[in-house]
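Right after this note come the structures.
Here chain A shows up in two complexes: once beside chain B, once beside chain C.
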Partner chain A sequence: MMERLFMSPIFKNKMAAISVVVIAVYILMALLAPLIAPYDPDAVDLDDAKQSPGRKHLFGTDEKGRDIFSRVIYGARISLAIGVLATAMALFIGTIAGLVGGYFGGKIDAGIQMITDITLAFPGLLLAIGITVVLSPGFLTVLIALSLVGWASMARLVRGEVISLKEREYVEAGRAGGSSSVKILFRHILPNCIPIILVAASLKVGAFILAEAALSFLDLGVRPPTATWGFMISAGREYLKTAPWITLFPGLALALAVFSFNLLGDAARDHLDPKIKS
Partner chain B sequence: MISYIVKRILLAIPTLLGITLITFLLVKNIPGDPSSALVGERTSPEVIERNRIRFGLDQPVLIQYCKFLRNISFLKIPTIEKLKVGDISIPWISIFKRPYLGRSYFTGQPIGRMILDKLPNTIRLALGAMLIAIIFGLALGILSAVYPGTIWDRLASFLAIGGISIPVFWAGLILILIFSYYLGWFPASGMGGGALIFLVLPAVTLGSRSAAYLARITRAGMLEVSGEDYITTARAKGLSRNRVIFRHVFRNALIPIVTLAGLDFGSYLNGAVLTETIFSWDGVGRLAMNAILQRDYPVIIGCVMLGAMVFIAANIVVDISYAFIDPRIKFNKT
Partner chain C sequence: MLFFVVFAPLKGVLKRMSFVVKIKTPNMTTILKLDDLHTYFHVNGEDLKAVRGVSFMIGRGETLGLVGESGCGKTVTALSLMKLVPPPGRVEEGEVLLQNRDAGERNLLLLSEKEMRAVRGKEMAMIFQEPMTSLNPVFTVGDQVMEAILVHEPVGKREARSRTIELLRAVNIPDPETRIKDYPHQLSGGQRQRVMIAMALSCRPEVLIADEPTTALDVTVQARILRLIARLRDENEMAVLLVTHDLGVVAQETDRVAVMYLGRIVETASTEELFARPLHPYTRALLESVPRLGEDKERLKTIRGNVPGLSHIPSGCSFHPRCPIAEEICQREEPLSREVSSGHWVECHLCKND
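== the complex of A and B ==
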């Protein structure tokens, strides 16, 4: 299954290949930030404030004279970490809820579905804002808020897949052969859900990176002075007229990262669902 | 039809209750006491205590929740009232009341009034955004479905993924930078007393995301329908290309498109929080944001519940509108 997903015509798709490269660059950038960044991202130098992009500062400096290029590089750490970890957590909760609900049905399913429906009925960002305010802002809070909001769509997706899979012959065969429910779920059903889960996950990473940035933009994210793209964009608002680069570059970095994840998820989906392919 | 609508609304009640419970619990647990936030940290304990009693914050949580539910509900214990028509008074049973959402801790105004005051502005923004989403979304989607695999298709797909990927708040700022600071075409913020030109940038900002989604769904739906036998039949009959595209393909692809347009309208309040903050648009989104910053609990509750209710209502309307578009869907088969 994994081979089919990765060794397949997706990689003949040029855009998808490019997006993989871009994501790899971002990951390297995040991991090697201290080696790549030309300046200390938090070093304030008021004499050097609001310098336009040039040879000394590739992306210019912000209102406190910090090097924007270095801060954009460090910002990748927060964005990627939250994007990936929140996806993993939402995936974990959502997959378990979807598997259990879809497989056992009945009252368990009805209960899980009700919680799913309620979560999905909230305006997602407002709910995330609410949770963030309650838990007081910070890295862990953002992570918890995003996964608590994001698991529901995963659960719904997995549940649908499980319901269609559990009537298949090989599941029947497993049941007839006396396998336990847990074994059937994890041996037979879960592996067949993995393709759609992976596609949804790659789209989710992009969505979570955006949501993290939105929270940071509203000053509800990881606390400054830690560089986050969202907060950098918001800090540049005041100087939009005189120093637009403060806002411009973190936004470009953010948009490109999300774009790459969405492109990849899209290509994977087209590949798995040939009905949509042109 | 009517029984279907009633059933659909009844099914939404447990969800609504769940929403009120979660909202209530969240708001209860927000750190910091609103009564001290209101009068300042240095006020005497007696004043703070008086405020706590005034807002009912000294009672057990369960009682607070029940009171809260009673306040926000439309229904009440039935009472017999008399309706006077001229000289005759007719007795009737009244079960409806005006919901009471509480008062802002800060301004003392009733929440219902505050939200109703701001709501028209947000609806105006949402309608503008929806118009933009539908025009650009459908145009892009149809274009790429009609010419699949061409440069148009690639461009449309690229724009569609771009629209989903670009952060709303950043896009808004860049639009301000280009169209208002550099080109001077549109005002950067405010509402200009309702002048349409003030609506353009916020509506584009809020609508771009939906436009991108709509374009993708339109394309996918139309391509799927294109492969059906009845489309081949329509072509074979010698119908004109445009007639096949719009009468047969587009019409049958309409269901997912309507779903998405409807559901997206329900989620505009999300984007409105960011869009209204950037453009100083005096709507519910900005009200919610300010309330969160000031810990104005009742206002936060009001805004979040409004968002959830709009979303649920949008769901119901979408479900019902299915049947009008697609006669194959019967109301009794839910």
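== the complex of A and C ==
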């Protein structure tokens, strides 16, 4: 089983293989956080503040004496959860909008296109900030804000694919065989969209993790004291000269996560997109 | 205008008469009858008349060939029968009468989309030109044939599976028990077209519309597929509408032929009659443009000019600008369809049965 998994084509690409391993480590870290973390991430110990990395605190401690290693591990929970859930929601809204618009065309499509264009006209992060300001900041708000920003590009992507797929002969053959529109959409068109949806999704996770960190950095994300990478970076930047590790480690964790998801997305695209594969 | 007033009723009478005669000529029961079908495409406020009054009938166990150049409206006619004309196209006028096993004769154009879905695939099935792309690449062929059965018939998966194997055997796919697990890319073009035929036949339709079924296949495979269609037609007593531009296929595979030019049927006759005594100048020109074996010719004979665009359909007889024998009347008046000998109809002012 494991052997087959590691023989699968994605592992032929070394960078992709590394990214899969790194992502797997992140996921394990997030799931097993209470077991791995040596300290309570929220335990304040002012006597122990701003300790440099060492044997006692692997990544050092922050200005309130909290263990940074533990906080980075707990931060992975928020980052991954938001990255994955926001992607799932954006994917869900975007896929349905793209399928319906692309397939039925006409006024329905024009309406959906208009909403998509309006959404895309805003700089993504600005729109997300706007939404979080209107709703009160928190986990759910970040999730809603990011999915409301991210669905539009998904919708556009899926719509384009559907428009090309619906002219395929097997779609016409399906209709000539008496299948209903719903059946054709879910049997013939959606399954053939899955490759591009997967690629877009894996790239989106990285982008959403970054966006979540940005929102947290601006204090618009999940409320402190919950450990998030963005807020840790933000809180640590006052001590950049005296205690750089406070920002360094969450920053590294963030960069590595985003980088891995982007690598995975690129590898998936190379593998699934026949145009590139040649 | 005066002309129209005088001739319009006459045209109607003639048309009605034509049915009486047409039904009598072949001694078989009519299954599908098209009457004065018009299909237009509305583009930029203009009506592009792709099909302008097509009438024909097909009997049980009969193959009717529908021939003509690209763009003459063959495929649009076929799609109109299924009510699958893509927008902005619309069937504007006419009747498509299909004999139903239980409900008797019904005009398909009056059926709702839901009723029509029950007709498609079950009473009237269609196979397409491109076998390479006619199957969904993400499902196995067995899955797709089974699906075609399950859409229409209240049978279980197991029954559908065994019928799928039977169908694939009937279309000469070797070792169907294992082949049903194959994906389309694992099959050759000919095999894929066989699978398409199996899907089309899955619910034993009364009418099979084959839109250039062999154009994309090489010649030996083509012959086998055509023979397969003919065998299945005889076994199931289907009516087959064979849409093609290949006169060789027409000569071999059809009982009767309808020749189409610019959205109208200009000549209908039994296949032997048409090849022996083509009357319409267009039919003659088509037949003359086919190269013959043993003929020592530098250039093939062509029909002068091009097919006019649908937005510039010539007045009178639409063939007159390209017709070698056109006279003044051809420009002025639309010819009516006349029966020159039993079952041989031609739409031309000038040709006589000689």
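The criterion applied here is as follows: the second predicted complex is superposed on the first by the 265 of 278 C-alpha atoms of A that agree within 3 Å, B and C clash if a C-alpha of one lies under 4 Å from a C-alpha of the other, contacts with A are read in each partner's own complex, and residues count from 1 in each chain.
The rule we apply is simple: a residue touches a chain if its C-beta (ideal position, glycine included) is under 8 Å from a C-beta of that chain, and two chains touch if they have at least 3 such contacts.
Since the structure is predicted, the reported quantities are computational estimates derived from the model, not experimental observations.
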| item | value |
| --- | --- |
| Combined model on chain A where chain B meets chain C, clash or fit | fit |
| Partner chain(s) touched by A:Phe92 [first = chain B, second = chain C, both, neither] | neither |
| Three-chain overlay, vertex chain A: chain B-chain C angle, C-alpha, nearest 10 degrees | 90 |
| Which partner reaches more residues of chain A (counting touched residues only), chain B or chain C | B |
| Partner chain in contact with A:Tyr170 - chain B first, chain C second, else both or neither | second |
| First, second, both or neither for A:Ser136, with chain B first and chain C second | first |
| First, second, both or neither for A:Pro191, with chain B first and chain C second | second |
| Which of chain B and chain C A:Leu127 touches, first, second, both or neither | first |
| Partner chain(s) touched by A:Ser179 [first = chain B, second = chain C, both, neither] | second |
| Nearest Cα pair across chain B and chain C, whole Å | 15 |
| Interface residues, chain A side, partner chain C - complex | 105-106, 168-170, 172-180, 183, 187-188, 191-192, 194 |
| Touching residues on chain B, where the partner in the complex is chain A | 14-15, 18-19, 22-23, 26-27, 29-31, 148-149, 153, 161-162, 164-170, 173-174, 176-177, 181, 220, 223-224, 267, 269-271, 273-274, 277-278, 288-289, 292, 295, 300, 303-304, 307-308, 311-312, 315 |
| Residues on chain C engaged by chain A in the complex (per definition of touch) | 82, 84, 87, 117-122, 125-130, 133-139, 147-148, 151-152, 196, 199-200 |
| Residues of chain A that touch chain B when the two form their complex | 114-115, 117-118, 121-127, 129-131, 133-134, 136, 206, 210, 213-214, 217-218, 230, 233-234, 236-237, 240-241, 244, 247-248, 251, 254-255, 258-259, 262-263, 266, 275-276, 278 |
